[in-house]
Amino acid sequence: MYGDIKLFAGSSTPELAQRVADYLGIPLERVDLIEFPNENLFVRLHRSVRGQDVYIIQTTSRPVHRNLMELLIMLQTVRLDSAARITAVVPYLCYARSDKKDQPRVPITARLVADMIQVAGADRYITFDLHAGQIQGFFSIPGDVLTAFHLLRDYVQGLIPQLHRPVVVSVDLGFAKKARNFAEALGLPIAFVEKRRLMDGSGTEVLSVVGDVAGRDVILVDDEVDTAGSVTNAYRAVKQHGARDVYLAFVHPVFSDPAIDRLSALDLKRIITTDTVPIPEAKRARLGDRLVVLTIAEMLGEVIRRAHEGRSVGALFNE
Amino acid sequence: MYGDIKLFAGSSTPELAQRVADYLGIPLERVDLIEFPNENLFVRLHRSVRGQDVYIIQTTSRPVHRNLMELLIMLQTVRLDSAARITAVVPYLCYARSDKKDQPRVPITARLVADMIQVAGADRYITFDLHAGQIQGFFSIPGDVLTAFHLLRDYVQGLIPQLHRPVVVSVDLGFAKKARNFAEALGLPIAFVEKRRLMDGSGTEVLSVVGDVAGRDVILVDDEVDTAGSVTNAYRAVKQHGARDVYLAFVHPVFSDPAIDRLSALDLKRIITTDTVPIPEAKRARLGDRLVVLTIAEMLGEVIRRAHEGRSVGALFNE
Amino acid sequence: MYGDIKLFAGSSTPELAQRVADYLGIPLERVDLIEFPNENLFVRLHRSVRGQDVYIIQTTSRPVHRNLMELLIMLQTVRLDSAARITAVVPYLCYARSDKKDQPRVPITARLVADMIQVAGADRYITFDLHAGQIQGFFSIPGDVLTAFHLLRDYVQGLIPQLHRPVVVSVDLGFAKKARNFAEALGLPIAFVEKRRLMDGSGTEVLSVVGDVAGRDVILVDDEVDTAGSVTNAYRAVKQHGARDVYLAFVHPVFSDPAIDRLSALDLKRIITTDTVPIPEAKRARLGDRLVVLTIAEMLGEVIRRAHEGRSVGALFNE
Amino acid sequence: MYGDIKLFAGSSTPELAQRVADYLGIPLERVDLIEFPNENLFVRLHRSVRGQDVYIIQTTSRPVHRNLMELLIMLQTVRLDSAARITAVVPYLCYARSDKKDQPRVPITARLVADMIQVAGADRYITFDLHAGQIQGFFSIPGDVLTAFHLLRDYVQGLIPQLHRPVVVSVDLGFAKKARNFAEALGLPIAFVEKRRLMDGSGTEVLSVVGDVAGRDVILVDDEVDTAGSVTNAYRAVKQHGARDVYLAFVHPVFSDPAIDRLSALDLKRIITTDTVPIPEAKRARLGDRLVVLTIAEMLGEVIRRAHEGRSVGALFNE
Amino acid sequence: MYGDIKLFAGSSTPELAQRVADYLGIPLERVDLIEFPNENLFVRLHRSVRGQDVYIIQTTSRPVHRNLMELLIMLQTVRLDSAARITAVVPYLCYARSDKKDQPRVPITARLVADMIQVAGADRYITFDLHAGQIQGFFSIPGDVLTAFHLLRDYVQGLIPQLHRPVVVSVDLGFAKKARNFAEALGLPIAFVEKRRLMDGSGTEVLSVVGDVAGRDVILVDDEVDTAGSVTNAYRAVKQHGARDVYLAFVHPVFSDPAIDRLSALDLKRIITTDTVPIPEAKRARLGDRLVVLTIAEMLGEVIRRAHEGRSVGALFNE
Amino acid sequence: MYGDIKLFAGSSTPELAQRVADYLGIPLERVDLIEFPNENLFVRLHRSVRGQDVYIIQTTSRPVHRNLMELLIMLQTVRLDSAARITAVVPYLCYARSDKKDQPRVPITARLVADMIQVAGADRYITFDLHAGQIQGFFSIPGDVLTAFHLLRDYVQGLIPQLHRPVVVSVDLGFAKKARNFAEALGLPIAFVEKRRLMDGSGTEVLSVVGDVAGRDVILVDDEVDTAGSVTNAYRAVKQHGARDVYLAFVHPVFSDPAIDRLSALDLKRIITTDTVPIPEAKRARLGDRLVVLTIAEMLGEVIRRAHEGRSVGALFNE
């Protein structure tokens, strides 16, 4: 209907892109991605994509702005080359936490990013586990917002027999509802870590745990781990409230400094995540065997195939 | 800078609009709002608004679609009459709960409503306590998303001396973070009502309370009360967990059937809300003295004045 | 070229939609159309429409705003589900009489409706007998504006042998040119009913008939009958000028109150119309055998088929 | 509010523009309007219009496309020079008769012209007596669609004492409603000229007069006179039906060939029109004293002044 | 993918269009192109283009504005008839020299033209040798900007064996880089004609030649020849500097007056150009055998075929 | 007209911004510019800009993408805070050399950047010496494209008395026309450096000088110096052709590696540039006294003042 699938990879996540290509049984399209000495990027397709159904895989983790700009330039390039349909495939969407004005005179950068992706030429987008589902409404174009919590859930399900009275704990109250869904799917109880400032003017922050964790194994959940500050707090809070072993599950391993230092310092039994963001080898090494990286490649490949063939994507997940 | 303030009221909430006009010390502009026998609406301004700074106050509670269409027609009318700047003032924005695709093949109607308000001609918007703050990002135009929780907080603050070990309880997990902010501002602890389906295939829903409510007076909080189903559940759950007196605070009194029946059946000590949605006299009567309606009129009037004069609105709330 | 035809029906006119589906030999797509207690509507498609050629049949008669909003939400839903092409099929388009500013400070609501249909996601539209053909120019998207006067003409043609010196009479001067075309196609003469206010300051309205109706059977024609006020006036005017039997032909049976009372009170030999607007059974019963409802279903089905196949629609009517 | 009025004249109608400038007591802005040997036009403003309220007067009569392009280039030039507000003042809007698809596979060129005026940079427009009022809805921007029928009416009012049983006759059925309004305002009866093809396959066109003209003085009315074909037909038809003296009143003297030949050949007592389109001296000479050209300059000047000052334009006409 | 190729020709260049059709082995679509007495143009397609892949060939040489408007109307007509994809094929794009503001308060008319082509409905465009390649960036839609310098180069290549120490000379410094590319491809040296005003206040223009032309045969190159003023200057300058025979090569034969007079007066050995602009027979006759017109028809036909089939166009030229 | 001037500085060029503020006699607005550990940027205005006339000064030199994104976020922030008018002041616009498709399947990134600046919220822009003037046409919004060649010219003018038979030499043929203008303004002759590949298949590049430089002092000119590769080539070419002393003048000191190494290695008498791009102290030190940096601050300040007051900017330069 829209020609053939043409799969491109930006420079952010070549391994994931290759896995998707392997799943689909097609090659990655060849493209020159050049950075000039003045930092300006340049793109040149080796073959024309006229009338084709183009998918550009580029995650927008660090270097964030370079990766974002590379994505935008690739989108424009295939648009100007008269592609029939263009899908931006962005496993991790940057700036998703800047999604509302919760104080005056600040930006909503996630909306700006959505606008940029559209003005560059995307007809559709595919992404994973947006910080807030409402970000879908920032786009005028259709998109598939997929979830990798299926993968995390299945993995944790396999751990449960070894766990002692396990409880799911939401690292952040903004994640409460999704944490509950995760717990519900596993048939586990839920608790919450709450952080607040004392109103005595001292600015002191106090952590408390709402719900029951004493004597239980805890599965901390969140959507992403950035500097691991919240995770560290949550770890300490549940330990103070008598938790036994602690596990950590989340989708996006952003791992900004000092995340690895912090995570290394905690006695986490497992750090379960996905490859929406590539984890450099050095960081992997420091986390060792505790780190479990589940791949989204098959899911992504299948969604691209179905999107191309005009079949239901929702059906894929039995939703 | 944009001419004079011209304040219009749609037919949804004449009392609130008059109060805002009184606060500003200006009259409401005269306008014919006509419904023809075929239900088509018609608008005719009595005076020109060329080059003026127009504010149209219209809440989009029931009759929802008629009120929304009336707002849109008014917006277009003042636009075609060459107003300099047009602000849609919508204390309660309809369809705000349809703000994301949480299942496949459903709409994001809040985005559609935002698009309609813009295409009709609004240059700016003002609203209160959106179900999700991210809805701001659905608009391309600037807006002021105000909160009436200040009003609720001040009222509850006055009650605290009479309460026994009070605790704030979030009716819904999606409201957890805002409930925490509310509790934090009052210096009170927080608990959550959690609802989940049993995974045994029976579809049974089970309510539990996460956190401590036993022997405490409870302040249930939420952003709106629609049919009062969640409130009823939360009331029962906290009572089962040993709560003493129960109070209810929320911004938008949507009060769809059977909300009044349900609320009347509960032993709520106070039902504290605002006038973002008008409450018909019959409904007020049934709730009696327990109902406390705080007015947003002064806040709204002051925001309009500052927006007109190009002064900070954030400063108003000392944010 | 755009996948398969997927035919949806809004809740306004299920019978017509079913007839179109029958004509095309395909089923209506299954969709949940839900109204929540707060009047907010919700749509959920049972199957994906990715890459398909979608037609949504929804007339915008009463409840006007609910039907319009339902149409818009359906349009957005299929757009967000990545339909390849979306056609809004609106047999009767609301607000078509608000098509120009004939006085200052009023809206052009038909343009607003066109904008809304586009912003919701329609790529094309199909409608019947717009009040003014110029409304086509309110849309940026292509559309097929069909006419059901063919059906009325054929029916009246069959009556002519029984009529005595028949004359076509235009109920309204704004309809003069189309009435002339109708008369020309039938080979009949034409006359006009003219209404004007006396310039003596009394505001009295005077009806006159321009053209010859004395001793003739009269076929009153108009595009729609709303409250039947104009029809009643025209009926009386032609009777006063000596008309014999009177027939009435028009496309859109809007039938707002008190249309049925008024039509029942007139000695009309036939009331010939179509099913662009559904007529409730109670209203049908009161008009009895005089009411003749011609169906547009085959025409609509054929136009959809041809639009889907990329064949000429104009050719269908030998225009 | 938008700086000072800056009035520009395109090359189409310098006399009218000068009169408007005189009325407003301001000079026409100086601008170079150059045509290169390759027909490309070039515009250069002598002074900056940054932050000013610009009005560009350009009628789009012949040379139609050159005049239209000159208008568009002027609009873009003042836009790129950062004018605060730009109004296209187009006394006669070309292509207004191409306002709907009354057959398949034809354009709606009036919409295209509206789009072009907007894309070039107009924020508002002012025009006179559009062929169909609905063309206002082709624009997204606000506009003032003025009528010069006030001028024609006042002039004809002055003639009435000398006329014998005068009757207004609409030259075209599409003009029937406006002709009725004109007659109503004068307190005169109305009749219509009807043209139709015989259905015998011969293609013969037959003219008839609906209404009473015998022994009466006739005032033919229309919105514009192009080749004067319809006027000639109408003249003959009313004469055949026994009319006495015939007068002609219309707003836009388009006067394409062979209009002057045709009008010269008819015994019209007066040819009453306006200066929305300039009439070359040679044509004026051939029509002689019978030609009465009423000027729209004062009306246009007053509307510009009021638009600039943010006062009501509707009020001007006591509508 | 987009239906069948449907090829239309505007009235500007019927011969070229026919050659393209012949190359493609398809007929030109039949269309009525009518000019009414009031100069308004009208278009009527004989057959529907629903769902087809439409190409409209129209060059925008003189009559420039009429040709441009005809193109725009044709674009809108096929858009409103629901074509699947529409490509404006404009061998010579008017106003391309008005491509920047090189002084204050002037237009960028080429951008305006690009906007007009898009707003009328083009999805893509094809053109030849834009005055500045940057004009591609004025369009939001994709396009193929082809070059006919391949044709000129091949022809000149054939001449070289007969030439004496040939040198390429750029007529204009703005063309310097392209002239160098042309020279490079031919393996010839390059020189430039430079024109400047004396700074002594006299306004005198002085021509000089930068580079070596003495005793050499000169090939003057430029992108277009309009009035031939620059060519005449360049001819004289190189002759004054001792050039032997002079040849002239350029893509667009605009030939505005007095181009033919001027060219006839020069002793040019060959005038080598293409058919992007049709040359009237009278003009051809005056230039006689020296005029060599190379046709772009095959290249254009092949590009259309490849664009239709979704194959690379760049590959065609081995770029 | 648009409130007061509010001047903001991004983090790219604080010194220039402060100088502009000093010239205008106003403070720079205070704003938090934060980079989070995940590289995401955040902006928070200290004071509201509602209804004000905002200018954001941010050059887009390295770090290019971070600077660009910071500019975009600042634009969105002031837009969402309801600024009346927003001007992006970008002394050096990144990606300006990616301004056309000079080969197939490449981007036009400068257009993308223009689109991004507009979608973020700029109403106007101000920049200096675009690589191609046509880039102005990439913007839909108005802008002031200023030139700093006035500054360079005045400086070189002062040098001329000490120079021996000076000649201006264009470093690049694409700069030929502007170099000529520069030479003309100084009353100096012109020459060009030409680079071409040998057509013998060896890929060898050969430099030649077109025009006369032997025994002359040479002023090399270009718009920017990036890696100084072209400058080095040009220097060598003119030296080989017998040039005496060599000076270098250009607007934008981009100075990507190894520019400083290269420039240091050449015997350039002066390196004359501006502060559109900040030059780090370390780089300045290596170039020593030969480096002359002229400031654009006064010019920029004056243009901002005039833009704010609605006065002519062109008049400033006596153009």
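Chains here go by letter, A, B, C, D, E and F, matching the order in which they are written, and residues are numbered from 1 within each.
To be clear about the criterion, a contact is a pair of C-beta atoms (placed from the backbone, for glycine too) under 8 Å apart; a residue touches a chain by one contact, two chains touch by 3 or more.
Keep in mind that this is a model prediction, so the values were computed, not measured.
Give me the set of chains touching chain E intersected with the set touching chain F.
A, D
Through how few touching steps can chain A be joined to chain E?
Shortest path length, in steps: 1.
Indicate whether more than half of the residue numbers at the chain D-chain E interface occur in both copies; give same if so and different if not.
same
Measuring between Cα centroids, which chain is at the maximum distance from chain C?
The chain lying farthest from chain C is F.
Comparing the two chain pairs, does A-F have more C-beta contacts than C-E, or is it the other way round?
Most contacts of the two pairs: A-F.
Rounded to a whole Å, what is the gap between the Cα centroids of chain A and chain D?
Chain A and chain D have C-alpha centres separated by 62 Å.
Cα centroid separation between chain B and chain C, in whole Å?
Roughly 39 Å, centre to centre.
State, to the nearest whole Å, the distance from the C-alpha centre of chain C to the C-alpha centre of chain D.
Once rounded, the distance between the two centres reads 33 Å.
By residue number and range, which residues of chain E touch two or more other chains?
1-2, 47-48, 80-81, 101, 103-105, 108, 111, 312-315
What chain-chain pairs meet the touch criterion?
By the stated definition, chains touch in these pairs: A-B, A-C, A-E, A-F, B-C, B-D, B-F, C-D, C-E, D-E, D-F, E-F.
Show me the residue ranges of chain B that touch chain F in the complex, using the header's touch definition.
1-2, 124, 142, 306-307, 309-315
Show me the residue ranges of chain A that touch chain F in the complex, using the header's touch definition.
36-49, 62-66, 68-69, 72-73, 76-77, 80-81, 94-95, 97-98, 101, 103-109, 111-112, 115-116, 119-120, 226-227, 254, 256-257
Write out the stretch or stretches of chain C touching chain A in their complex.
Listed in rising order, the residues are 1-3, 47-48, 50-52, 79-82, 84.
Applying the document's contact rule, which stretches of chain C touch chain D when the two form their complex?
Touch list, chain C to chain D: 99-105, 108, 110-111, 114, 132-138, 145, 173-174, 176-177, 180, 183-185, 187, 189-192, 194, 196-197, 199, 208, 210-211, 312-315, 319.
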